[in-house]
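Alright, structures below, take your time with them.
The following pair of complexes shares a single chain, chain A, combined with chain B in the former and chain C in the latter.
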Partner chain A sequence: MSKKQRQRLHIALSVVVTIGVAFFALLPLYWIVLTSLKAPGTEFRLPIRYWPDEISLEPYRTILGPDFNVQRAILNSLIVSTVTTIGALLLASLAAYTIARLRFTYKWSSLLFIQVASMLPPIIVIAPTFLIIRSMGLLGSLPGLIIPNMIYNIPLSTWLIASYFAGLPFELEDAAKVDGSPPLRIFRQIMLPLAAPGLFSAGVIAFLGSWGEFMLAFTISMGLPEAQTIPVAVQGYTMAMQRQWTWVAAAIVLSLAPVIVLVMVFQKWVVQGLTLGSAKY
Partner chain B sequence: MTKVLAENIIKRFGSVTAINDVTIEFKHAELTVMVGPSGCGKTTLLRMVAGLEDPTSGNIHIGDRVVNDVPPWHRDVAMVFQNYALYPHMTVFDNIAYPLRSRGEPKSEIKGRVEQTAASLGLGHLLDRKPRQLSGGQMQRVAVGRAIVRRPGVFLMDEPLSNLDAKLRVEMRAELKRLQEDIGVTTIYVTHDQAEAMTMADTLIVMRDGVILQAGPPQTLYDRPDNVFVAGFIGSPSMNFLPCRYEGAGCLTGRGFTYPVPPPLRAPVEAAGAQPLVLGIRPEDIGVNPQPGPADTVLARVYMLEPLGRENLLTLEVGDVMIRALSGPDIAVSLDQTVALNFLPERVRVFDRTAEKALYPDA
Partner chain C sequence: MKKLELREPTIAVLFLIPAIVGLLLFYYYPIGHTLALSAYDLSHTAELSPERFVGLQNYVEVLQSKQFWSSIRFTLFFTLVAVSLELTLGMMLALSTYWVWGRLTGILRAIIIIPWAIPQIIQASIWRWMYNTDVGLIGDLFVRVGLTDAPPLFLSNPSLARWAVIVAYVWKGASVAAIFLMGGLALVPKELTDAAKVDGARSWRRFWTITVPMIMPTILVTLLFRTMAGLQIFDIIYGLTNGGPGTTTETLSSFSYKYYFKFVQYGRGSAYAVVTFLLVLIASVIYIRRVQPHFRFKGLGS
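Now for the complex of A and B:
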């Protein structure tokens, strides 16, 4: 086999594998979209159809109506995820800078120590988290969700951003110091922009993590609609709607839309941030 | 007047002493070059002047004040780094403007100053580029521009030319020297390249193992080195050293040669007595005579002849020591031929081999 043929075979194989994986990943998504477009009551009709006979927007109308008010849950999720992401990035980037740049003993072991917290299964920390949030009087409120979400996301974000900072040359900071900038300004004007790909990937992971997070949100929201995020709301609908799956499917599709937009916008930077690790200079 | 004074500076990193009690003044508006092998402490001293390292003990003065406790961003210095350290996410304009912005200069002022600086360095057409779109020479100019735009009191350069290719390095060193003369800023320049050091320095400082071996005008270090290291380090090709002893009768005797002590050196050499000595002679101060006569006392075997066009570089074996000599381009010698060597008596230097110190009549 010539080199060119081998290259072609390689490409062909990659394409086949990619399509295969995409098929398995997208099929459930397709099924949900399909179901959400069926008229209520027709979703279990046999034989199975892989294409809608007629498109019905009825489920969307219902789910967006005053009885369910899915927009409220989506707005809650947006608030929780956005604030969580910004807060986690802010704290994690400061911690990461300290660990990657300042001289102190046990600095890499302190990074490891931070990681240990994130290795505990969520079920273990949920009860103490609940008690702490209750004692803060934040049960059933969005801040009560945001604070623990932020803390859960700090370890991985710190790790990602620290490895990014560590790859930046020391001379840049030296140059900025001599050029007249004190450390905090150097952090803001030189280090943070250069670590942007790392920040993006950490940010998207934090956003997706808190967007899809269920157990904590379910526990803290106490069933109050004003504190329910979209996964909790959807779970509630499956109970409340007497198994009206078209409505549930419509809610799920609506909850996915912001996330898909986010990933499409930032995917270039996210991939870069996860694969580079250290910055090209 | 911005002179810089390093006073009794000691710097330790753990158990390693990088700088061992150095006191040196860098004169106002002069270009002072610190040269020495890697690890000699020259960059560490430079970084202490910048405020990027703290001395373990001793004081750094800039102008009239002690700056030990002044952070780099409040010292009136600018620095060019070996790898340029340009901010990769900023354009050339923003890189050069950064020191002005950091100090809160007004916007209108910044634009004019940056454009003027860029134009003087031939960067006018590159202001919108990012560093990665520049060649090595252009990056170097941007780094210089960023340093001079603010008109600092002291200008620090840490091997700024070492990442350039040989041709560009020679061009840039002339340009930097001219620039320094024009703006008249006190400049401390670190290099390990002795040619760069010789050509650029007003004052040359040779360092080794954390101490200053000799400081002075380059020609003085060249003509009158204080010790074996400076003698060997300054000048290319470097000075030849022939181990010898003074065995009376006014002659230095080494393996395969005897040489009459030049009259001015007689007193110190006699005072040294039977100490092991070293005779030092530069390649250009050796006359090569292809027809040795009976009166010649230094004979050598031709090991190699390298024509350089303008002159020939000869490698010669005296006893068991290889030395080098420069001769005219028309010398007729063949390999392994025996030739006679005439050392210019006034250019001969004698060193104490143990203390590595030069012997001078007035010392």
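Now for the complex of A and C:
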């Protein structure tokens, strides 16, 4: 085989591999989008069809109609994820700055204290968390969901941001200290902007994580539409409407559209964040 | 005007307090509370009054129940099978992004990352529809390929339901593993991955003798993260089978949740939760000891 032939073969095989991976990775999504575009009732028609015969937007019209609260749930999810992300970044960046840059005795134990938390399974904390939120009178409300979620995102966010802080030269702060700038200003005006890539990675991951979080959201929402996030609502529709899969499928597609767009746009940051997160040890 | 002088340790404490308090309140205190709950006989109450104290009795009852042993067996089986599949498929996916023709790398990476972004509970809904007995995609594919005459009852046949859950879970898990492993492979010198393209048989040996040892830290961490995720599995069970048929796909977490919020038995639920916690703890200790030689916090400074 000549070099050129080998190269052609490599390209051909590459295309085959890519199509194969796409088939397995995207099949479930294709199937749910296809279902969401069928006229309600026709999803149970046999034999099953792999291509759309005719496209119907009826499922979307119904699921976005007055009988369901998809818009409300998506809005709730946006609020929960946004506030969670901002809060987690704030708390985590302060902690990260301290651990990566300041000199104090309990550096190692603080780091351990923060990172061990990320290894705890949610089931070990869910019942007391429910009881705490109940005693705060926040069951069935968005703040009741946001506060714990914010804390859950601290360990990984701290890690990601600290890795960025750790890479910055120490002269930066020293110069500012000589000028007599107060510590909070050094942190906010000099250090934080330089750790922006870390903040960004941590932010995207925290946003996506809280968007898909289920156990806590389900428990705290108490079935109230005003506190339900979109995954909780979709799970509810799935259970309640086993004979109306076009509607459920439309709700699923709507719940996924924002995260898929986000991941595609910020792919680089997500991968960077996850890679750094896995480089913990 | 005299400036308030703060020394560095003081600033450190002030900056750390918010995160530490949050973690104490929503991680460390709840663990203690769960441990306490597990020592009480609590039916439809969470009040720890002295006369309800039963010591280890919840654990004794849990350990004597058949449910517990079937759920721990399934949790372990699930984790073992899922993690092996995730690692194998994840490695194949990660390697493929390095192997393919340069112009396809970006597209392939984008495709691989998508399942990671799908929330597990939504994934459960999607797969529930794919496993539908009458018009499910998977059943139809089985019949078309000639594996079975009629679509199998994926979610109501006990032995099939176990595998159905695993397959749905691995669909996303393999993508997560692949993302981690891609990060590890990025550290391997390009000559090695490039050379692997040229000679078929020798590249296989090179993979095992050079690439694998080089990315061993990443492999071990991926194993650790995926094992921990497997041991605490909840969302996909809840959404796809809710533990059924019967209790065949019930895991420690899903049982615990049921005891908490369906039967409102905090004592029993906590006992299940504590066992889950212990399993995760044992797994992480074993792994971390293996990973110890590579243990470092890059750039913590002097």
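In the analysis below, the second predicted complex is superposed on the first by the 233 of 281 C-alpha atoms of A that agree within 3 Å, B and C clash if a C-alpha of one lies under 4 Å from a C-alpha of the other, contacts with A are read in each partner's own complex, and residues count from 1 in each chain.
Methods note: contacts are C-beta pairs under 8 Å (C-beta built on N, C-alpha and C of every residue); 3 or more make two chains touch, one makes a residue touch a chain.
All values derive from a computational prediction rather than experimental measurement.
A.B. asks: Looking at the overlay, what does A:185 touch: chain B (first), chain C (second), both, or neither?
C.D. replies: In the superposition, A:185 contacts chain B only.
A.B. asks: Thinking of the overlay built on chain A, is A:176 touched by chain B (first), by chain C (second), by both, or by neither?
C.D. replies: A:176: touches chain B, not chain C.
A.B. asks: Name the chain, either chain B or chain C, that contacts more residues of chain A.
C.D. replies: Per-residue touch count on chain A favours C.
A.B. asks: I'd like to know which partner A:123 touches here: chain B for first, chain C for second, both or neither.
C.D. replies: second
A.B. asks: Please indicate which partner A:135 is in contact with in the superposed arrangement: first for chain B, second for chain C, both, or neither.
C.D. replies: So A:135 meets neither chain B nor chain C here.
A.B. asks: On the A-aligned overlay, A:109 touches which partner chain: chain B = first, chain C = second, or both, or neither?
C.D. replies: neither
A.B. asks: Contacts for A:193 in the overlay, against chain B (first) and chain C (second): which applies, first, second, both or neither?
C.D. replies: Only chain B; A:193 stays clear of chain C.
A.B. asks: Both chain B and chain C touch chain A; at which residues?
C.D. replies: The overlap between the chain B and chain C interfaces on chain A comprises residues 180, 182, 281.
A.B. asks: Write out the stretch or stretches of chain B touching chain A in their complex.
C.D. replies: Going by the criterion above, the answer is residues 47, 50-52, 71-73, 75, 77-79, 81-83, 85-89, 98-99, 102-103, 146, 150, 156.
A.B. asks: Which of the residues in chain A end up touching chain C in this complex?
C.D. replies: Residues of chain A touching chain C: 10-11, 14-15, 17-18, 21-22, 24-29, 31-32, 35, 43-48, 91-92, 94-95, 97-105, 107, 110-111, 113-114, 117, 119-132, 147-148, 150-152, 154-155, 158, 163, 166-167, 170, 180, 182-183, 187, 208, 211-215, 219, 231-232, 234-235, 238, 245, 248-249, 252, 255-256, 259-260, 262-264, 267, 270-271, 274-276, 278-281.
A.B. asks: Would you tell me which residues of chain C are touching chain A in their complex?
C.D. replies: My answer: residues 3-4, 6, 8-9, 11-13, 15-16, 18-20, 22-23, 25-31, 33-34, 37, 46, 93, 96, 99-101, 104, 107-130, 132, 134-135, 137, 140, 171, 175-176, 179-180, 182-184, 186, 197, 217-218, 220-222, 224-225, 228, 231-232, 234-235, 238-239, 252-253, 256-257, 260-261, 266, 269-270, 272-274, 276-277, 280-281, 284, 288, 291, 294-301.
A.B. asks: Touching chain B in the complex: which residues of chain A?
C.D. replies: Where chain A meets chain B, its residues are 169, 171-172, 174-182, 185, 190, 193-194, 281.
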